[in-house]
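Shared between the two complexes below is chain A, which pairs with chain B and chain C, respectively.
Right after this comes the complex of A and B.
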């Protein structure tokens, strides 16, 4: 098992010029878990991941690992691997590089690099690493980021959109490889993704980032278990969910549907004539992030 | 253990139910080893903590037992235990939902009873 590590950020802010991308982020990540980071396009996910791993300076706030500041701290940074999404088209320095040279650079950069694992994964993915990066498809570039993340053997490994461009077989393969590595080593993983449903069951905890703020950080299964969709005649629905935390009400004629998130000990009044349905993580995400400020009904 | 997970209920409950169903169907026999938490995690692509939660439900109810260092096994008498538990939950899981729907449709008790009699022998 790995050494116990706690990654913590307090009052984290990041602005690009006048644009505030991250506003007052407080987050504690413990080692030995698989975390998921979800958020809409532009929510600040990549910025958060790059600031957390000190690849990008924070405008304000503090990031520590076991109490030690992370910024320009080589010892602390050795714990991290932030495997970024590669965009060979725009990042010209990378475009002409061959896949194997890119991986070679990673092998020098990461202190715990496992070359044998990297080679096995190249075979497993049937990846042609002699090709220049610019010739690789989106999915193949994702495979390279996955290889780097897994072979880095970093105690704290962060993957930004690792399944982008991968087909459904490869996405499943990725989660299996991830679980295989996780069950063997107990490394900590933080993964951002837009394909929420496929990741939901793998993630022990989910972090929802919305508009530069953390909306929620919770055990995924517990969150799903306490969330429901209630629908029926508007007056009945309102009676059934009275006093409960609700969001994203939708009305169609006399009908209404609403998402409810129960707190401990709360129940939906099921003597009302309503339909109560379980919801998925992506339903919860949409319900929480879809609406504009002010429609959140408590 | 070839069933598919769905979104109708918690994953750990589904894992527990799938193992139970496999015991009922004789896919898993009493005193036989069941897949470990890590094996279940990889089999279903789920977090090992979730798989463990499902397995622990069955350990707590005495359907599975742990042999230290070896793994998890189906307890003797597990099949009967599952059957009697499912019988106990039958009213909650099936009858109440049926009665609710029936009431909404204005069906009466004798209508339901005669429907049951028409599809079920003694």
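Right after this comes the complex of A and C.
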């Protein structure tokens, strides 16, 4: 099992010129968990991941691992693998490499690299690593990033949209491989994804990033279990959810639907004439991030 | 990361070997029969300079972004680059010294040795500038900057500072320089392709 590491981020800010991409992020990631990072396009997910792993300098704030700063700290950096999407295209010098050469480069830089695992995964994915990466499909490039992430054996492994371009069969295979590796080693994984429902069963904790801020960080199952969609006549719905944390109201004529997130000890007044339904993680995400249609009310 | 230094060391040896072969080829095809060995040596230096620039550009285009994406610190990379530069300068000076001894009268051996060292220090700097330009500006503009600096810095300095060049300054005619510059630009393209397609294959 892996050493107990705690990655902490305090007051993190990141700006590109005048544009503020990350705003006062405070985050603690404990070892031995699978975290999911979800957010809309442009929310700042990739920026956050690149700053956490010191590939991008923060404008302000501090990132530490077990109290030691991460930035330009070789010992701290040895704990990370940030496997991100490889951009194919003839203008990209890295993409012009052959898959096997890129994997060989990865083996040089990751101190815990497992060559046997990398070769097994290449066979598992039936990947032709002799081809230049610029000739590989988006799905095959995703497989390479997955191989690097898993074979790196880094205590903190971060995957940015690892399943982009993969078909449903390969996505299921990825989640199974991830769980197997997690069970065997107890490594920490942080996965950013847009395919929320598929990943929900795998993610132990979910972090929702919206407009450069963390909206929520919570155990996935607990979040799902305390969230409901209440619908019915507007007057009844308002009575049923009075005093509760709600968001994303939708009105259709005299009817209304609203998402409720219960705190400990709270309940929805089920004596009212309303329909109470469980909501999925993606519905919770949409409700929380919904700027135009709803407000986040306490 | 010890493996980082092994990688840069092997890369520097490989670049040196290919640079020597390339520079010799460049020198002999660019000099007319009957020209003195000093001209051959000068063009040899120019060829080596081109290859050295290619190496730095390659680093900034690919090796450095890749290494950072794999978690290497920038300090470690700079140490690796300096390590590569020290080895390549030492090897180039040693090779040029030996060739000078064989090809030219010993009285200008010292001059050529110093010129080599100075040119390589200049081109290592230019190489880093060019590499950063490619990294920051993108391939097209970066290569344009590199060609201009390569032609001006490498060929111009090599030509004028050499013993022959000093003699020819009073008779300088830019038209004489243009064919050399065109040749350098053309051969730069070949060097770039060789570097990308062949050298890195053996660097790991």
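The rule is simple: the second predicted complex is superposed on the first by the 293 of 298 C-alpha atoms of A that agree within 3 Å, B and C clash if a C-alpha of one lies under 4 Å from a C-alpha of the other, contacts with A are read in each partner's own complex, and residues count from 1 in each chain.
The rule is short, and it goes like this: a contact is a pair of C-beta atoms (placed from the backbone, for glycine too) under 8 Å apart; a residue touches a chain by one contact, two chains touch by 3 or more.
Since this is a predicted model, take the numbers as computed values, not measurements.
After superposition onto chain A, the modelled positions of chain B and chain C are compatible, with room for both.
With both structures placed on the common chain, the touch criterion links A:101 to chain C but leaves chain B unconnected. Contact comparison for chain A: of chain B and chain C, C touches the greater number of residues.
In the superposition on chain A, contact is made by A:81 with chain C only, not with chain B.
Of the two partner chains, chain B is the only one touched by A:278; chain C is not.
Contacts of A:55 after superposition on the shared chain: chain C is touched, whereas chain B is not.
Once chain A of one complex is fitted onto chain A of the other, the partner contacts of A:111 are limited to chain C, with no touch recorded for chain B. Looking at the shared chain after the overlay, A:73 reaches chain C, while chain B stays out of its contact range. Once the two structures are overlaid on chain A, chain A sits at the apex of an angle of 150° toward chain B and chain C, using CA centres and rounding to a multiple of 10. Annotation: superposed on chain A, chain B and chain C show a minimal Cα-Cα gap of 28 Å.
No residue of chain A contacts both chain B in one complex and chain C in the other. Here chain B touches chain A in the complex through residues 5, 7-12, 38, 41-42, 44-50, 53, 104, going by the rule given at the top.
Those residues of chain A lying in contact with chain C across their complex are 53-55, 72-74, 77-78, 80-82, 84, 91, 93-94, 96-97, 101-102, 104-106, 108-111, 154. Across the complex, chain A meets chain B through its residues 34, 172, 175-176, 179-180, 182-183, 201-204, 220-221, 224-225, 273, 278, 280. If you check the complex, the residues on chain C that touch chain A are 1, 3-4, 7, 61-62, 65-76, 138-139, 196, 200-201, 204.
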